[in-house]
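Both complexes below contain chain A, partnered by chain B and then by chain C.
Moving on to the complex of A and B:
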């Protein structure tokens, strides 16, 4: 059904290919950038990815202004400030984020400070607080999951003031998302699986929630199909560049989908469990996804049923009676989770993820206050949340 | 301990109607011509069973035969054979099993057991080297195969039994017979016992010691055989990963049955692979005894130790139903094993039912199982069973347990499902997707990926059986024979059928065929591409190069009767043709040597090569090679050549 009104926005240029990196210098030039700063983390540098990256610049004549490779797993305002100082000192004029979610969010934070010429991030937190045109930002994801390369948000914690700042603005959208499989080849199996299930949860939630629209639907369906066809191979044989490129594409498509129609209860629970028990986000998504769908079943059975098509393929979809498609979809998701669990031990319940039962009430409380619950098709109170958590526990 | 040199020709004949028994003698000539096991058993049945006999009637006969090597300590020699007329197919059924009954039968002094008639009351037969007892079976009636064995052969060191579970009692057409934790799996032999009111047979053996006639030669052959088994790659991986080792190869060859043979591969197939099972379920060997290959395993499933499902179970009750959950498949396996049901036919039948529901031929409302008596708390004291609907749908394990149990208990629609997929499709339509031949559901290898196997399924005596000529080994596992061509397949199928019959008559495990034929010098050191080309273009020469002399050498060293490789192969041919001849007397002809439409008209979903089995291109040639006429009937010239009497010499 067509919504009476909706918006869909994605101005990010996608560069995807086995040698996509090689085209980056000339793209930067077109953006008017002469001296980019690279932001990454130790893991990425240690895996030799920075080296591959700089090699593609060697013959281009463009110089890299600075490289910062010490972004911590949770992006913080301190690091953002530190990088901002280096950026300014080296006269950089653009940003390249090479990494996963926290690197990308950190780069978005740096972009706010250098564009607004400020040293206080807090004043820009919230929705649409950015007024100036930002510096060129290129994002090169080294995981395939968060979708941050195409989203309008960033989350950065302020450790001193002990708060999490959320930023949301179309200006935070990168100029370019560059998908080069060489950047994800070394991602270990469990991380590959967890991030893939994050992408899966983006696509699935965007397709069932209240703000869904035909554009985001198209991306979501395509993403799910691509994940289904490739995720097992990506986890069992990480060296297959074709599969890696497909996963990167799927993740970006899922990112575009949820960036325009938002996520739901699965993310609410995941954010809460992540905050309280430090479960990695992708792991939490993998755990909660089928339970979230079951919770929403009464409100959006048809939409869940439609997902069986990308999730299981045309033959299976056609051969499953309409009345059973939603259940089958959830069943297929569960089977996929079991397969990933077999392959790399990705937890399928909270107990396996190290959560203790006494934490569940606390997670439930946090979940109903998470903003992502707003667009969920079915309302959720604390009791409901606790029920889901109990089911997902073991 | 008294000794038996090689073999005993004393056949124990039990008449259940009269509660009497006698001992007859198999002739030396028959021993030479039919070896033992399946071969000699077939001859015994030929001489006793009239064509047209009702498989579930009083006149059907169940023959149980140990092999020549049984009891000698040769590698993989703990096996025995059963031969009867099948209630599932209506033709001869043979089955092989590695449970302890075979050795006990032989060490009780018998070279065979013939069970005739029908007991008026539920009974158990017990025997040792001197006597036979007819015992009351009513207290074990209804018990499963494990409980029954515990009860009737309590002295497990000195006794071993053959038993049926509830499925056999209820005449499920694909019920089986258990001995230990191994089974006479196919063809519904459990129902043959059930129809005779025979719950179990106990053999108290270990009275005789089996010694070879020529111990030095025997030791030499045994040493060579063991060495080959220790070296050959397929054999080794079977020991490590069980028969599930095949999953990986078959999925890669795109011939894994998925959704009733609609797909040929699945990206979750790795979950049921031998490698994954070994990694996740603390597997350890649990085999037929004795055995040197050791394909049988136990492992931890659902928190308890149980049999690791075999390849066929993993595919027919797993992938073919769209299920890849190992723990669920293990539960299905346990239900079948305890109830005494063949997992292949059970799975094949459920797949047909799932597709029939999908196509609207069977109403989903027919699936109702009784949920037991104890869960209706509000109706205390009421004996009424509450019923619970279940559903059967590809991809979903829900309902499968209910369905299997309702089949075993013969309840509701389970009663019809217990007749097998051929009977169901005759009643409801949907024969094109009833994946069976001659009434026997197909094993877990899609022949559209290996045409030789397609021919083998079509002409196999007992129906769509992969063990009549396991030619997919050459076509897929070993890569020695191009799979998707009709060329050379008739020759290969005939050869492997004959050799297999010999092996099943000697009665050693068929899995020895890899090691015994591939490890000898010539095959091992002929470069692969030469062997491959020879097999394809000059199959007769390639086959002449194949050295399987270990088998006749075992026979000669144990029995003291001379036998060459050519003699052995000839005996195999004789056994195969005799079985065929018996079947043609039951009405089988070329009309029955067919494959399901799906295999010859539809391609596997997504198959770029659009392969279907070119049966027409192979079958005429096969008949010619066999010496059958164009109707697929063995002509009298062939019978004469093989010295098969065209009329049996009826005894008793």
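Moving on to the complex of A and C:
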């Protein structure tokens, strides 16, 4: 059913495939960039990906302004300010984020400061606070999960003020998302599984919530099918470049889907559990996804049922009566979680993830204030959140 | 004969703007009154900093409704505020009219991007919950259930608040 009104926006150019990186210098030139600054982290550098990256600039005639490779696992305003100073000192004119969610969010934060010519991120936090056209930003994901390469959001911690700043603006959308299979080959199995389930949660939640629309639906369905077909292979044989590229594409498609229809209670609970118990986001998504679907069943059974097709394939979908498709969808999702748990130990409940039961009320309280709850089909109050958490505990 | 092309000066949707202005007045006073009596609203706004301001405004320069937190209450500031810590915009007169009359609820309005937020998204999430409580106090369930995801229970105290709102609360803002 068509919504009475919807908007869909994705101006990000996708460059995907074999040696995609080598096309980057000419693309930067077309964006008017002459001196890009690269933002990455120690893990990416240690895996040899920065070396592959810099080699793609050989004989291109383009100078890399600076490479900052010390982004922490949680992006912070201090790091953003530090990188901004280097960007200004070296006369850089564009940004390249080479990494996962934290690196990408950090690059978006730097872009805010250098564009707005400011040193205080806080004044730009919130929705639609950015007025100026940003500097060119290229994102090269080294994980397949966050979808940040195509989203309008960034989350950055302000450690001094002890708060998490959320930024949401169409101006934060990168110019280019570059998917090169070489960039995800070294991702360890457990992280591959966790990030894949993060992408899965983006696609699934975008398909069932209030802002869903035909365009985001198309991306979500394609993403789920691609994850289902490739995730086990990606976890069991990380060196398969084709499988890695498929996962990168699935993650980007899921990112486009949720950037245009937002997420729901699975993310509200995941953000809260991550903030309080420091569970990695992908792990939290894997734990909460089936419980979030069960919680929303009364409001969107048909939509959950439609997801059985990409989740289990045409044969299963055709032989399952319409009235049972939603339950079957959740069953196949649980089967996938179990397979990943067996393969790489990806936690399937909060206890396995190291959460203690006494933290559940605190998580429930934080979850209902998470902005992602607004687009969820069912209104979740603190008691509901606690009930879901108890079910997901063990 | 040569066709003359002249600039077209847009009209003004006076009636709809007036209706929105009246609803803002009612809603603002209802917020001020409910925030003094409804424990749930008071609990929700407690963590907001003292002096926190909030504004609902019709773009680009239509009517607005300002609220300010003082002594754990939301004081109605009419259209005095030029900016606020949290600003909720209606993209145009038609969107505001639909939401204010009330033909469309805030979850659908946000989903359809008829409303947008400038400021802290966490506080905006809490504010939408308080808005639901105020609407459930103002309007009968038959209307509210079409607008919100879950209708807050009409407790005896809230039913009393509804009577108070329609008799003196909106008039006095107390």
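Everything below uses one rule, namely that the second predicted complex is superposed on the first by the 394 of 394 C-alpha atoms of A that agree within 3 Å, B and C clash if a C-alpha of one lies under 4 Å from a C-alpha of the other, contacts with A are read in each partner's own complex, and residues count from 1 in each chain.
Simple rule for what comes next: a contact is a pair of C-beta atoms (placed from the backbone, for glycine too) under 8 Å apart; a residue touches a chain by one contact, two chains touch by 3 or more.
Because the structure is a prediction, the values reported are computed rather than measured.
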Quick check for you: in the superposed arrangement, does A:29 touch first (chain B), second (chain C), both or neither? neither
Figure out whether A:316 sits in contact with chain B (first) or chain C (second), or with both, or with neither. first
After lining up the shared chain so the two structures overlap, which partner does A:126 touch, if you call chain B first and chain C second: first, second, both or neither? second
Contacts of A:339 with chain B and chain C, given as first, second, both or neither: first
After superposing on the shared chain, does chain C or chain B touch more chain A residues? C
Which partner does A:375 reach: the first (chain B), the second (chain C), both, or neither? second
Which partner chains sit in contact with A:7 here, chain B, chain C, both or neither? Use first/second/both/neither. second
Quick one: in the complex, what on chain A touches chain B? 229, 232-233, 236, 312, 315-316, 319-321, 324, 327-328, 331-332, 335, 338-339, 342-343
Under the touch definition given earlier, write down the residues of chain A that touch chain C in their complex. 3-7, 125-129, 166, 168, 210-211, 368-371, 373-379, 381
Chain A partner, complex, touching residues on chain B are 259, 262-263, 267-268, 270-271, 276, 280, 324-325, 358, 393-396, 605
In the complex formed with chain A, which residues of chain C make contact? 107-108, 110-114, 116-122, 124-126, 128, 148-150
